[in-house]
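Take a look at the structure set out below.
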Amino acid sequence: MDTEFFLAWLTGAAELVRRHRDHLTELDAAIGDADHGTNLDRGFTEVLQALDDWPPTSPAQVLLSAGTTLIRRVGGASGPLYGSAFRQMGKALETPVTPAGFATAFEAGVRAVERLGKAVPGDKTMVDALVPASRALAQAVQEGVEAREAFERAARAAEEGAKATIPLRARKGRASYLGERSVGHEDPGAASSALIMAALAAVS
Amino acid sequence: MDTEFFLAWLTGAAELVRRHRDHLTELDAAIGDADHGTNLDRGFTEVLQALDDWPPTSPAQVLLSAGTTLIRRVGGASGPLYGSAFRQMGKALETPVTPAGFATAFEAGVRAVERLGKAVPGDKTMVDALVPASRALAQAVQEGVEAREAFERAARAAEEGAKATIPLRARKGRASYLGERSVGHEDPGAASSALIMAALAAVS
Amino acid sequence: MKKLINTAESVIEDALTGLAAAHPSLRVRDRVVYRAGGPRPGKVALVSGGGSGHEPLHAGFVGHGMLDAACPGEIFTSPVPDQIIDATRAVDGGAGVLHIVKNYTGDVLNFEMAAELVEDVEVASVLVDDDVAVRDSLYTAGRRGTGATLFVEKIAGALAEEGAPLAEVARVAGEVDERSRSFGIALTSCTAPAAGKPTFDLPEGEVELGIGIHGEPGRARVPMAPARELAAVAMEAIHGDLPLEGDLLVMVNGMGGTPLMELYVVFAEVTAFVRGKGARVARSLVGNYVTSLDMQGFSVTVCRLDDTLTRLWDAPVETPGLRWGR
Amino acid sequence: MKKLINTAESVIEDALTGLAAAHPSLRVRDRVVYRAGGPRPGKVALVSGGGSGHEPLHAGFVGHGMLDAACPGEIFTSPVPDQIIDATRAVDGGAGVLHIVKNYTGDVLNFEMAAELVEDVEVASVLVDDDVAVRDSLYTAGRRGTGATLFVEKIAGALAEEGAPLAEVARVAGEVDERSRSFGIALTSCTAPAAGKPTFDLPEGEVELGIGIHGEPGRARVPMAPARELAAVAMEAIHGDLPLEGDLLVMVNGMGGTPLMELYVVFAEVTAFVRGKGARVARSLVGNYVTSLDMQGFSVTVCRLDDTLTRLWDAPVETPGLRWGR
């Protein structure tokens, strides 16, 4: 897993976010303020721009650059959260990158989201997609399956985690203001997390 | 034609205006500001109230009271115009009231509208209903037909005059701001004038 | 129709109750809004009025440096002579009273009747007719009075505070009107409470050009366009009637339902347009000042300033709708 | 969607251009709105910010007696740390900087990150959370910051002008928040330019109770009712959380698309309600101050005054959105 791999991941994530932008915004309109799609699309566009302007020379640099850009350009709740996740992942990532090393770094990134947002699984946030993804990744690595397979399991876990937010009542973020009325809608941040993991699995 | 007759006329006019209030307002919405029906309904309601509070003892008093109330309670363009019309009619009315005397007084009332509003027939205003009504009345009286018949001719003339405003381009009042766009709509004030004349013909 | 009212019949009364409660500097009696403290001896008094639905105009401009009284009529219906007579008599401080009348048949007739009936007070009157969307010709009731009314009330009010005599205040008021022009564009119609539905239908993709402030349709209907183009339409109409030169007082006015953010977007375009003509925006106002109920849209009003008018515009004013310098 | 904009992407930039052109007392640089004239030596500086779409909040409250800088984010999206860092460094006059933060996850996270990164400036921060529609519990992100933000900015700003130290300004700012409560009701949704359609659908006969200021749906949907009843719903919610007693500062705030006349109707009802509870409306504001784009509706914010807060509220203020005393 070299620098190219991580560039491909973020490029793929940016494409998926762009393609699903309006859907993410609609999810946010239902239980938030209708800006999640535009926020992330703006952010990932800037991420690719920055990676293009200052070409990174290591996987860690890719993640650090992406995290910093998301923090500096997105705003809202998702900006600092995703930004910190990528930055922590970058800081924890050791080169050469092994699947096991990546799983550890990824878990550090997810921890950063939990620490910053103080959300736990079940609060109906991106954490509900990221934590299962992190677990699946660690599990797969332990089982020694090859990277590609491990990423696919993580992506599936994230996707299932996102869908599992539908029946939940939000306890964090804007959706929590709706109380009972937040039930029955998928959390936009969990949905975008699933997209980012899908992009990881799609890197070839 | 005694005091009762004139009270009956105004009572009938008030009823017709009430019944056609929304229609008059819709006509005004098309080429004005959507208040003619409410203006006149408010005005005639007050007219009856005042006639009830201070019972008039002569036909002239009925008209003077009605005119004053319309001026004091309606506002807009139609308030001063209709108000002055009834006031002038009252001033010019001689008792005992003969059909001929009424025709003369009515003409004086119409003149007041023309003087105040400076509108001439063809400008697409109430004048287009009132002037033909006045002419028909004078004509009928000259021919010596009985009152009831004379009033019916006047009402018909007013009605035709109102409908005849449809193809006209307004040159006075709010409708004139629309220029060509005022063509194709009946003038609300002409329509209300026709109602007032219909009430006259309906007095029995 | 969804409106924050109790009943369509009581809306004016209820709003005036709220206005009086919100502004101790005002007094409301018999449908007239007065500046508290009674007539100012020796000061020319200013009285204006017109249909309601244009808030803050006129009642929101009663106070030091502007109006002494405002006569609110029913919605979009000019006030009745009684209100104007009461107001004129009550505010006269011996120096006479200026009636500021927007040029609409109803307003003109009712103010004229009132003026005739107060022989005991010296009354002068100024007619505001700044709307370039209406050609002043034999074929119209003449230009409508719109945004310039605020300029006339502010500048004449400042002059009156300085102690100028009635004739002088009336002269300058007329001068402000002559130097001012307006043009309005509607994105939506407005809904009068009594009517209960929009005065006219305006499809999603279209706007009305040359609207007045009573929800009446405009001169023409065109496809919706970016703010830059809509601002240009309004400014070209104004510039074509009164060339933009020198120092200008410019108001970008919201029609009541348009948020401030959009008005600033329009103002940015208007400023660029003015610069493009070699003139200068010396003073400005951006906000909802002369409205048409809940209509979405804007109007631009431009006044060519000179040193005197600028001084009078800058003079202190203390009203609910306009306040600076005290 | 019909809006007076050029493009959904450029609306913030365009509006800031118009804001700067309209108000010589402001400076706009890198998405931060500053009070002209640079930092005030020895004066505690106030910085606030949040998503755009709430105009005049926050940029309209930059000036003497209120904010030293405002950081506007994208529409309904909190600003990024860079803006807050730039603003904090630029306005510090040596006495430290107070961050006024509305309680939303995004605002809190971005202001926190910024505060951590400016070790060179003494920063204190106050969290505004006045919306009683949201229960503050383990099950929510806590109460939203809405109308009380204006009260905090005005009163803390006046105290800072008096030369009070950062700790004192922060303490009083927190006290204003503790003494304030708000409740909002929407008649229509709002349309974010980027979304292009209303955030939620609200049928003709219904209203949303307990809305925030980001077009998010409220706590419940009920049939439309007369202003008197809607005002009572809002006031009961407030009174149930903070009993109405003594002298009150009351704001009846429009959500952006509601005309002033209707807000006065609501204010009349609110005043009557307060009187009914034996309290007194000692100070008030009626208008569009903390808005949600083009949403129609209103919110009521009440603050229990004491002599100090009243004095600070009355102190001179000179901003585009709030001005008196100079």
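Just a few scattered comments:
We call the chains A, B, C and D, going by the order they appear; numbering starts again at 1 in every chain.
In the analysis below, a residue touches a chain if its C-beta (ideal position, glycine included) is under 8 Å from a C-beta of that chain, and two chains touch if they have at least 3 such contacts.
Nothing here was measured: the structure is a model prediction, and the numbers come from that model.
Hopping across touching chains, the smallest step count from chain A to chain C is 2.
For chain A, the chain with the farthest CA centroid is B.
As a whole-number value, the distance joining the C-alpha centres of chain A and chain D reads 32 Å. The centroid of the Cα atoms in chain C and the matching centroid in chain D are 29 Å apart.
Taking the mean of the C-alpha atoms as each chain's centre, chain B and chain D sit 54 Å apart. Counting only residues that touch two or more partner chains, chain D has none. In chain B, there is no position where the chain touches two or more neighbouring chains simultaneously.
If you sketch which chains touch which, the chains link end to end in a single open path, with no loop closing it. Every pair of chains in contact is given here: A-D, B-C, C-D. Chain D meets chain C in the complex at residues 1-7, 11, 14-19, 21-22, 52-53, 55-56, 60, 187-188, 204, 207, 224, 226-228, 230, 256-269, 271, 281, 284, 286, 288, 291, 293-294, 296, 298, 323-326. Against chain B, the residues of chain C that register as touching in their complex are 51, 73-82, 104-106, 109-110, 113, 133-134, 138-141, 144, 192, 194-195, 199-200, 212, 214-217, 219. Here chain A touches chain D in the complex through residues 25, 29-35, 38-39, 42, 71-81, 116-117, 169, 171-174, 176-179, 181, going by the rule given at the top.
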